[in-house]
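Next come two complexes built around subunit A: one with subunit B, the other with subunit C.
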Partner chain A sequence: MSAAGEIAAPAPSLRTIIRGAGFIGLGAIGVAVGLADVLTRAPANAENVGPPLLAPSLQFPFGTDILGRDMASETLHALAVTATAAGFGALVTVIVGGLLGFLAARLPWGLGLFTRWIAGVLGAVPALFLAILLIGLTARGLAPLVAGLAAAPLAFARAFDRARELGLSRHAEFARATGISSNALLRRDLAYEFRDTFLVNATRALAAVAIILSTVSFLGFGATPPHRDLGLMIAAARDTYFDHWWTATFPAAALALLILCARLAAALDEGERP
Partner chain B sequence: MTEPERLITITDLCVAREGAARPELDRVSVAIDAHETVVILGEAGSGKDALMRALNRSLEEGESASGTIRYGAGPEEPSRATRTRAAYLPGPYARPLSPHASAIAQFARIIARKLGAPQASGRAEFAQEIARLDGAPPLAAFEKRAGEIPDEILGWGLLAMALAQTPELLLVDHLFEGLAPKAARALESALLAAKARFNCTLVCATMNTDTALRLGGRLIVMRQGRIVEEGPLPRLATAQAHAYTQTLFKDEPPRARSGQRGQPVVQALHICLTAEAKTRDEINFELRRGASLALVGEKGSGRHRLTRAILGLDYLAKGRIVFDAVDIGILSPEMMSRLRRRVAIIAGADDVLDPRMSLWETVGEPLRAHLHLRGDLVARYRESALRRVGLASLPGNLPISELSAFDRRRLQVARAIVTAPVLAVIDEPFRGLDAFAKSVIRDLLQSFRAEEGPAFLVITSDFAVARALADEAMVFRDKRIVERGTLAELLRGPKNPYARALVEASRLDTLHALSPTAAGG
Partner chain C sequence: MWRFGLRQAGRLALGLLGAIILAALVSALSDVGRTQGASAYAGAILAHLMSMGRFDFGTSSISNAPAWTELARRLPATLELLGFGALIAVVIGAPVGLLLSAGRVLRAGAPLIQIVAAAPVFCAGLGLLWVSERVLHWTGAAPGVSLLAALESGNPDMVAAALRVVALPALTVGAAGAASIQLALRRAIGRAAGEPYRRGLQAMGLGRLEIDLVYLFPEVVSGLLQSLGEVASSLLAATAVAEWVFAWPGAANLFLKSVALQDWSVVGLVLLVFASLTMAAEFLGVMGARLLAETERAT
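What follows is the complex of A and B.
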């Protein structure tokens, strides 16, 4: 191009690149988690594998904790626990929030709007507090389910608004005017929404639920030993962290990596707030 | 005689979209002089939109460009690009404003940003420009949210916004598309007056040959990303060298037609569209199978209200509608929905088809949803319909969102064909199409009517459309009929002044447009 009339060539689709990077990251985490037993030198929670509080070295790249557990093995096992629980919670968010929100938009006599209002009220409460409340009312073992439910109100509201928007769209009116029934329209909308938005919604929910679950565990309301997740690992390092940085840094980095990959896979769309 | 000053020189300009099979612009070279009027004419996908975007330096995401656009006489004036005051004037059809914010606030913000002035000053400039425009609505009309303002009024606002920037170059991008003929005519006159006032360069992209003829100046005809013909409009309008230009300017021959008659499809009895309507305002008509009736009028005149009532989507203040021998007043919503399966709709809006669906899904949906046909039968009917409209060669999984306006319109016809309807509602079917596409859609609709024999209910504001598709017409104003009769009668001598104005606005006599005064640039 000449200097007289520059036309800036736009960058390739940034969204595609971001999502691709996110899915590659999640895929790598998935492989690592799946092969956790093969990749680690010690089973989960195995004590006295090395000297206590050994700094990172060639033998123990992530160091050891106060009970002599290999931090690399422990971090990978905890990542498996967190990722599995967050994956289950994300499914709960997508199904309870997304699917029910979509169906609620078609409820008659203002029932739909009432459910939307309820979801709006619940969505105004930080999901973390909702999760702690629900764990108190149920059981700690249900933390993944509860975290998914806590993240669901905003997913519900989003799905509800989308369904209403679709219901009022010109193409829906056109379809109704040519005799396509409401049920057929609902089936059509559900199928296309599932196809087009499931991955984005699920990965967005994965990030939110992972944060909720880890924070709940960190605060002592979630996972219990011997099934340690990343939040519990970070909590266990509270007494040693300032003198032995590796005891919390690697679990925190693993958690950050999981959340970052999930958010990237969701193309950094604004998500459910933890 | 002095040489005209060169304003823009485009050399070997290519614009390509990521993943597209062919470039949107393919080595286009053209020069535009200062104070000149240039009309870029072509069908959807011809490349004129990409050229306008390149001139406005607003390429979309996924588009890349190569080549040169030089503003000014030559390389010795590299800073000319920044000194050229260019104003971009999109059409209201493109929905360029946010529908939820006040239109005037958005106009003021754009003007202020372009002039580098405070927003209050932008508002003052806009108000001043609206006051200058002959025929423009009052300033108060723009205080509402943009989504609530009719396109006819929004067009004036966009024009005032562009003119408030005191442009040296005015890029007019399909300003008149989708507007009623009367409104389009008034805007065209205002645009030409403003061009004379500012003595600016006018580059106008359009699909409409009539608009091109009225704007005058130099014509550039584009097709598939290339310039196929270029020259003064009066010459190209009468003596085209390229076959494509000849197709664009081909005049539609007037045809005498008598309505075919079959069983009644729609009977409207004593209908009042408003609660205050008097007995003499009652609407009574019968539409039989194979016949075609046009409801002509402007937006808000009652045409859509009547159509929605016929389809059982709105309830009437008074009157009865018998659809296919059934009084729809006694039907439950479910039964009415079943009855509507015998209706096809072909609308001049691109968002009536679900953009998430594919080509095959769109055509096959009525067959699956209404008739529950087997897959092989669906495929057979679908293929036959797609072949008839010329879309059979496209991949079946192509999403609607990737189709052009012309293809979407043809797809609507294909969907209507497989439905085998008794009533086809045809709502502004040519809106936003160029002359070539219009002629194809017109032929398809005529063949659809001749072969399947549905009753046509044509909704339009343009008598030219009514003439192409209908035998009889009813002219609507303020929710009542002001004149009705056969098309031939109405075109020959409408008695009502409003109907006469609509007939005159429909530009049935293209000779006027070809006259030197109208075509002068």
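What follows is the complex of A and C.
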């Protein structure tokens, strides 16, 4: 056996295990969402599949709601809507917040500081309020985009501060002294930053956007029927869940699972404030 | 310290100016129809900015009352909910944060708290509502009974009734705040505990408890204070949800209704007040942390 073979591989840290668990969970949710039409027994919003408000049983594992819809099918369809919309919103947060924040830090003539000030002001407003305001100004159909934008100011501020820190670092000073252009330096910093933090930022944004989206839907500003998401499902169960707990419990559990997996994948780093 | 304080005060003033401009941008929508052009909108923004300088925040398009009167009627209820929520957040969040940072084994258990924290605020609120109705049989309690007023009256029945009303929304807000506080605390402890001076002090013969109490504790409090803005923001967001779930007649509920009915003057004012609260909390936190550090250095 070679010497190299005798060196034991380092044990994975707790952080790596947690992130791995999070990504496996997100992957499983992704597969379930992708196969939602195959896995479910009824299409979305199919009424009278069973008797109304039937308790969980072998035939209907999650029970049925007041319109006789299969709760298991409805929960999976709603999870698909929430996860897809949150994924899109997270992408908006990463691009508008993370990427533009990083680029804005290198803008000339104080423009960078001006954009940082705007992000700071918007970041002082809770993201939920910002999302509701933007939906009120536009349309409910734009909720995924708006939720992503609402989570963006904090991501922007963090990326901006990180870029400023990198811009003042020793390697940047050395690069400038050796004649490397600021554009080349920016490209280099951006590439390394993207490689190191993209997944963490994206999953962190996914958790934040999923919370914002489901909350605005619950409050009546987000998804509209027939495209029900988990927040709207829980809101619709408000009148029935006191006597029929399953109408709200399973959608809430599915939502909590999505958020939990996203947070674990971000290694428990909750930067955004939902 | 003075120079630092002035710089932070300047930052706060700039932030408040931004919040006023944001409020004017939103309030101006009440004067301008969708068909009118950008110049009309710019004029309306300027007019609102000047009015705000005279503490005139416009008129509610629904009630025709001044926006400030509308908000002033609801703000005490929100502040009461925020206050009790913050108290619960500290009482729950601080011990949990300390416990989960106490040792390697407990630190490894930190992910478990995420299972609880992953539930959005409205799910927690609905869960508490279910427990109150089904388990505790708290039904028929009308919101709007101020606990502070009840405490002031000294009537035990009134206090009990007010406590019953405020308990669930405050617990919902407190749970969200507790999640934020324990996270900030764990972050601060993780940062402070990794400092190399701890080993040096141990080599000098100081006990672990002594090091933790004299050196680590102020750093942790300082770290927590620096996250005060973040905690305030999560408490405010949770207040909006709790007010909606428990039909609490507060300013966050007013915000939701005003957005739905496009009462932009009220929306702008609520945004201004909430942003100012977050900024003020952030300022106080940063100043408190600095003051603590200066006191530590002096002693």
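Keep this in mind: the second predicted complex is superposed on the first by the 262 of 274 C-alpha atoms of A that agree within 3 Å, B and C clash if a C-alpha of one lies under 4 Å from a C-alpha of the other, contacts with A are read in each partner's own complex, and residues count from 1 in each chain.
To be clear about the criterion, a residue touches a chain if its C-beta (ideal position, glycine included) is under 8 Å from a C-beta of that chain, and two chains touch if they have at least 3 such contacts.
Because the structure is a prediction, the values reported are computed rather than measured.
Asks: Using the superposition on chain A described above, determine whether A:Ser57 touches subunit B (first), subunit C (second), both, or neither.
Replies: neither
Asks: Could you let me know whether more residues of subunit A are touched by subunit B or by subunit C?
Replies: C
Asks: So, A:Val125: does it touch subunit B (first), subunit C (second), both, or neither?
Replies: The answer is second: A:Val125 touches subunit C but not subunit B.
Asks: Which partner does A:Thr84 reach: the first (subunit B), the second (subunit C), both, or neither?
Replies: neither
Asks: Mind pulling up the subunit B residues that touch subunit A in the complex?
Replies: For this pair, the touching residues of subunit B are 18, 54, 57, 59-72, 75, 77-78, 80-81, 311, 313, 334, 337-345, 347, 349, 351-357, 365-366, 369-370, 419, 425.
Asks: Note which residues of subunit A are touching subunit B in the complex, please.
Replies: 1-10, 12-13, 169-172, 174-182, 184, 188, 192, 195-196
Asks: Subunit A touches which residues of subunit C in the complex?
Replies: Against subunit A, the touching part of subunit C is residues 14-15, 18-19, 21-22, 26, 29, 108, 110-111, 114-115, 117-123, 126-127, 130, 133-134, 180, 183, 229-230, 233-234, 236-237, 240-241, 244, 255-256, 259-260, 262, 267, 271, 274-275, 278-279, 282.
Asks: What residues of subunit A sit close enough to touch subunit C in their complex?
Replies: 14, 18, 117-118, 120-122, 124-129, 132-133, 135-137, 211, 214-215, 218-221, 231, 234, 238, 241-242, 245, 248, 252, 255-257, 259-260, 263-264, 268, 270, 273-274
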